[in-house]
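In the two complexes that follow, chain A is the common piece, with chain B as its partner first and chain C second.
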Partner chain A sequence: MFLHDLNPTVKALTIIGAVFLLAFVFDPVTPLLYIVWTVLVTFLFGTFKKRYYLYYFIPFTLFAFGMFWTTIVFSDTASATSETVSFLGMEFPTEDIWTAAALGLRVLAFASLSLLFLFTTNMVHFILSLIQQLKLPPKIAYGVLAGYRFLPMLKTEFQQIRAAHRIRGVNRPDSWKEKLLQYQRFAIPLLAGAIRKAERTAIAMESKGFTGAKARTFYRPMRVQWKDWLFPVMMFGMLGVTIAVLLYFGYFSWYDGQL
Partner chain B sequence: MNSWKLKEIVVMSVLSVVFAVVYLAFLPVGKILVGFFGPIGYDLIFGIWFIVSIIAAYIIRKPGAAFLSETIAAAVEVLLGNAVGPMLLVSGMIQGLGAESAFAMTRYKRYDLFTLMLAGVMAAVFSFVWGYFLSGYAALSTGYVAAMFIARIISGAIISGVAGKALSDALAKTGVLSSFALGKEHRRKHAA
Partner chain C sequence: MSQEVIRVEDLTLHYEERQKPVLSHLNFSIDEGENVLILGPSGSGKSSLTHCLNGLYPRELDGSMKGEVYVKGRRTDSYPAGEMAQNVGVVFQDPETQFCMITVEDEVAFGLENLNTPYELMVEKVDTALRSVGMEAYKTANISELSGGQKQKVALACILAMEPEVLILDEPTANLDPVARKEFIQLLKRLKKELAFTLVVIEHKLEGWLDLLERVLIIHEDGELAYDGPLHDHLKTYALDIHEMGIQLPYATRRALEQEWTPPYPLHIGEMPAVAFPENPPAKSAGKVLLKAEDVHWKSILRNIHITFHEGEWVAIVGENGSGKSSLSRILAGIQSPSKGTVSLHGRSLKKWKENEMRKEVGYVFQNPEHQFITDTVYEEVAFSLRHAGMKEAEWTKIVEETLKFCRLDGLEEQHPFLLSQGQKRRLSVATMIVEDQQMLFLDEPTFGQDEKSTSDLMSLLKEKHENGTTIVMITHDMELVDKYATRVLVMNEGELSFDDQPKELWALPDLVDHHLELPPREQWKRAVWKREEPAYVSS
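Then we have the complex of A and B:
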């Protein structure tokens, strides 16, 4: 599918660019329309289990609502206008609701953009592309890849340490406080083990001839082709059109010190 | 970058990966606190989110350690999926730059408690300025924003500075850091 074959660097930079531009928009309609567009693009041009997308999206919605709510409750009352809206039996200035909705929907717009990337990108390809397109030093990139591989290993390590503690008579935690203390006891052995493993991995990499030199060949060459540029054109184009249309109808507002 | 040994880079990335998971685990904790106290809830424990830059810089003691570790941690958080989105990467870089600035001020010579606390404070200041624009703190009342700022600075100094140092020292005591700057210093002190 189109999104999966895109150059990961181009995809990432486009998304970061879109996020940056959206951060300056202060009306709720622009992010709302952009969320619809992003989700549409993700579903049309990506292949993944749709159910998982939903699982990921729900926590974002809660977070967005939290953002909306706290902005209303803790807003600066000095700047409020006389117009009010009643909501859940309380009175709130209209302007505050408008800004709060903009901030809440912005969170969701960011979320839909990052999910687009997460659901359609292979992480190893992404890092390889960073080395080849953005000239990330191979030393850092491969170091990070090695570190990233430790993640599943840490889980087993954690279970091992816990088992080792139990066998030596450390009891199961039966209160919140004990559970917290238990994590403190785990932290040092877990980190020490991880550091030891990391050191060994680094030695293994070097013994197999990894020098971190920039002049190296790649098993998987990553390239930027003309069709990769379709994505930024599509995403920025739609943002431009949305803003233009809303400007015409007078709904759009840019950051103007209104907060 | 050439002065870095590969093992320092891999160890730094592993620390970043571990703390990325810790960072993610603390997001819901922050959310619960926010439920009780409002947006200031995050600021009370904000120091947690700078800790890897202080630990990595304190252990490895090379220019860039604070910035790189925080950036990698943020990147891993983004890759694992979180409720803030790709903007987190930029937030991580800014926090890392904040911590890095404190070490740069000492010209990467001093790694005592004061410098580590200063690194936490600088990370707090940088991240607050960034959050002010990104999360629209300006919408909140001025007194409240001031309280948030102070809470975050204290949290940065205590949680990331003091606790980060304690954690690293405890690690040095186990001997795993013997080939890193902190481990070497530790050995020198105890040999004498």
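Then we have the complex of A and C:
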């Protein structure tokens, strides 16, 4: 699929750029249209379990709504105009609703962009691309990769430790203090194991001739091809078009010291 | 004349935190194509020697290194960092921690990338290396999904891809089950014929290695070279010394030592005389029903399990990795609830038992002893459950002392559990599980990764416990232990119980290999002798 085959660095930079630009937009319609666009692109050009996408989206929605709600409730009412809108059985100034919606939808727009990246990018390819396109030092990059491999190991180890401690009769902490103590007990074997593992991995890596030097060849060469540029053109183009149309209809506004 | 590839001159190695040298005044050289075994007790600096040979030391050393190490006539520290990997490759012990990439092909390519191999050549070399270890079908697989044996094959492929002249294996099979171990050694034998490399092996278990290795370097506890010469001849005469170092001798040799035969000792079962076989004593008749599992299912892992355990039994659970052994033992011990069916202890469903009441009846020793430690000293570790059971201090101090003594941990009371040796850690984890006089003890691969000495210490401890009436259920891959100790054996196969009877009935099965099981050496010996005697039967 198109999104999965994109160069990960180009994808990441495009998304960072879009987030940056959206941060300066201060009307609710632009992010709203852009969310629809991003989700559409994600679903059309990406393959993943759609259900998981929804699960990931839910917390962001809650956060966005919280943002929306606190903005209207704690807004500066004195400066508001007399026009009001009824919302959830309460009267609010129109301006406040407008601002709150802009902030809430902005959060969602960021979320949908991040999820686009998250759901269509192989983390290993992303790191390899960072080394090859952005000259990230291999020392750091391969360290991160090795650590990435450790995560599932730590998870199973944590579960084992928990079961092992239960057998010893340390179960169900009643108070906060006990709970803290229990996590402290989990931490020791987990850390001891992790340090040992990390050391062994480092020795194994060095024994295979890894020196951290930047000069190296790649089994998975990450290149930037002409089709990779389609994505930024598409994403920035759509943002431009949205802004232009909204400007024409008078809905658009930049951030200009509001709030 | 064969060429010298490694020469070590007066090598002495000190670690910063230790007074005594790890290696002291070593002198030896290894020729091209030789097959060398390095032996020594734990802590004699064998792994440190590996680091010296592949140039990791002195670069990464906290301490001092004196003397010279030459590889192909050039001092190791005169090679640019990274280039040594082309000369000396190492496969390490732990299959989990020698990888840094996610998939098999990326990992094999990693070393080649470090050597700046051009792309086209790299693609070719990755394929060749994977084919040579028979793992080409797993090229795109995730390493985490492979079995331990497969991981070690991948680790070997990674090194072979770099085509080093010297291959060092640092206890490559210590964490593998016997079948995977055998496969790995077979693979090496084949590779040794196909590719020309010099082989240096560090090992604790000699079974299977002897056909491959000809020369031995023995390093003493004080880091000095004690012997350098032909392996087989030395072993045939000085097997006892090597045994006392904590090295596990081949079965035939061990047997000979036990029977106090005179040297030269046999090294293979085939060389053993046809004397009376020690038959196992008949199993004691089982006592009352203790634990009963009825129609137990768990997720898609276990199906339709019916088992009854009686007092005084010693049950071994065997089977391939992933066949559901651990899951079964956890359900039986009440750590995990079955998704269907019931497990009952003393006729009462486990669900109705209170957790702490049940723990007084059933103990469970996890594979990694460290996971079970919760306090800062050995003494507190053993005292923990008694203290929490609300017993009076005067009563429990005596029990704690007795338990420590029983597990040979007396004198270590104030040590931190994490600072104990492997064998001591294992015995401590057993101690914590028997201190409340539990009637039933589950052990998940208790001898995994343990050396000969701690294995035999542990087994004699369990044996004594068993003779005092404790029912023991242990998961193991070691058929020798099953043969020697178990009164009953359960074979798990793809989540189902496929065999449940006495061990001798299992050995008689014709399709043992299909279960990924092998005969214990005692049986192999017996059969080897039968075979030798067969013609005699015909002629008479």
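Here, the second predicted complex is superposed on the first by the 243 of 259 C-alpha atoms of A that agree within 3 Å, B and C clash if a C-alpha of one lies under 4 Å from a C-alpha of the other, contacts with A are read in each partner's own complex, and residues count from 1 in each chain.
Going forward, a residue touches a chain if its C-beta (ideal position, glycine included) is under 8 Å from a C-beta of that chain, and two chains touch if they have at least 3 such contacts.
All values reported here derive from a predicted model rather than from experimental measurement.
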{"item": "Clash or fit (per the criteria above) of chain B with chain C on chain A", "value": "fit"}
{"item": "Touching partner for A:Tyr148 - first (chain B), second (chain C), both, neither", "value": "both"}
{"item": "Chain B versus chain C as contact partner of A:Thr99, first or second or both or neither", "value": "first"}
{"item": "Chain B versus chain C as contact partner of A:Ile188, first or second or both or neither", "value": "both"}
{"item": "Inter-centroid angle chain B-chain A-chain C after superposition on A [Cα, multiple of 10°]", "value": "70"}
{"item": "First, second, both or neither for A:Tyr55, with chain B first and chain C second", "value": "neither"}
{"item": "Partner with the higher number of touched chain A residues, chain C or chain B", "value": "B"}
{"item": "Partner chain(s) touched by A:Val19 [first = chain B, second = chain C, both, neither]", "value": "first"}
{"item": "Touched partner set for A:Ser207, first chain B, second chain C, both or neither", "value": "second"}
{"item": "Contacts of A:Tyr248 with chain B and chain C, given as first, second, both or neither", "value": "neither"}
{"item": "Chain B versus chain C as contact partner of A:Phe63, first or second or both or neither", "value": "first"}
{"item": "Which superposed partner A:Trp226 touches (first chain B, second chain C, both, neither)", "value": "neither"}
{"item": "Closest Cα approach, chain C to chain B, once both complexes are overlaid on chain A (Å)", "value": "8"}
{"item": "Doubly contacted residues of chain A, that is, touched by chain B and again by chain C", "value": "146, 148, 188, 192, 197, 201, 203, 205-206, 210"}
{"item": "Residues of chain A defined as touching chain B within the complex", "value": "12, 15-16, 19, 23, 56, 59-60, 63, 66-67, 70-71, 73-78, 96, 99-100, 103, 107, 110-111, 113-115, 117-118, 123, 137, 139-140, 143-144, 146-148, 150-151, 154, 187-188, 190-192, 194-199, 201-203, 205-206, 210, 212, 259"}
{"item": "Touching residues (chain side chain B, partner chain A) in the complex", "value": "1, 4-7, 9-18, 21, 31, 34, 38-39, 68, 72, 75-76, 78-79, 81, 83-87, 89-90, 133-136, 138-142, 144, 167, 170-171, 174, 176-177, 179"}
{"item": "Residue ranges of chain C in contact with chain A within the complex", "value": "51, 54, 56, 60, 81-86, 89-90, 92, 94, 96-102, 105-106, 109-119, 122-123, 126, 143-144, 158-159, 162, 330, 333, 335, 355-356, 359, 363-364, 366, 368, 370-374, 384-385, 388, 418, 432-433"}
{"item": "Of all residues in chain A, those that touch chain C in their complex", "value": "124, 142, 145-146, 148-149, 152-153, 157, 160-161, 163-171, 185, 188-189, 192-193, 197, 200-201, 203-211, 213, 215-221"}
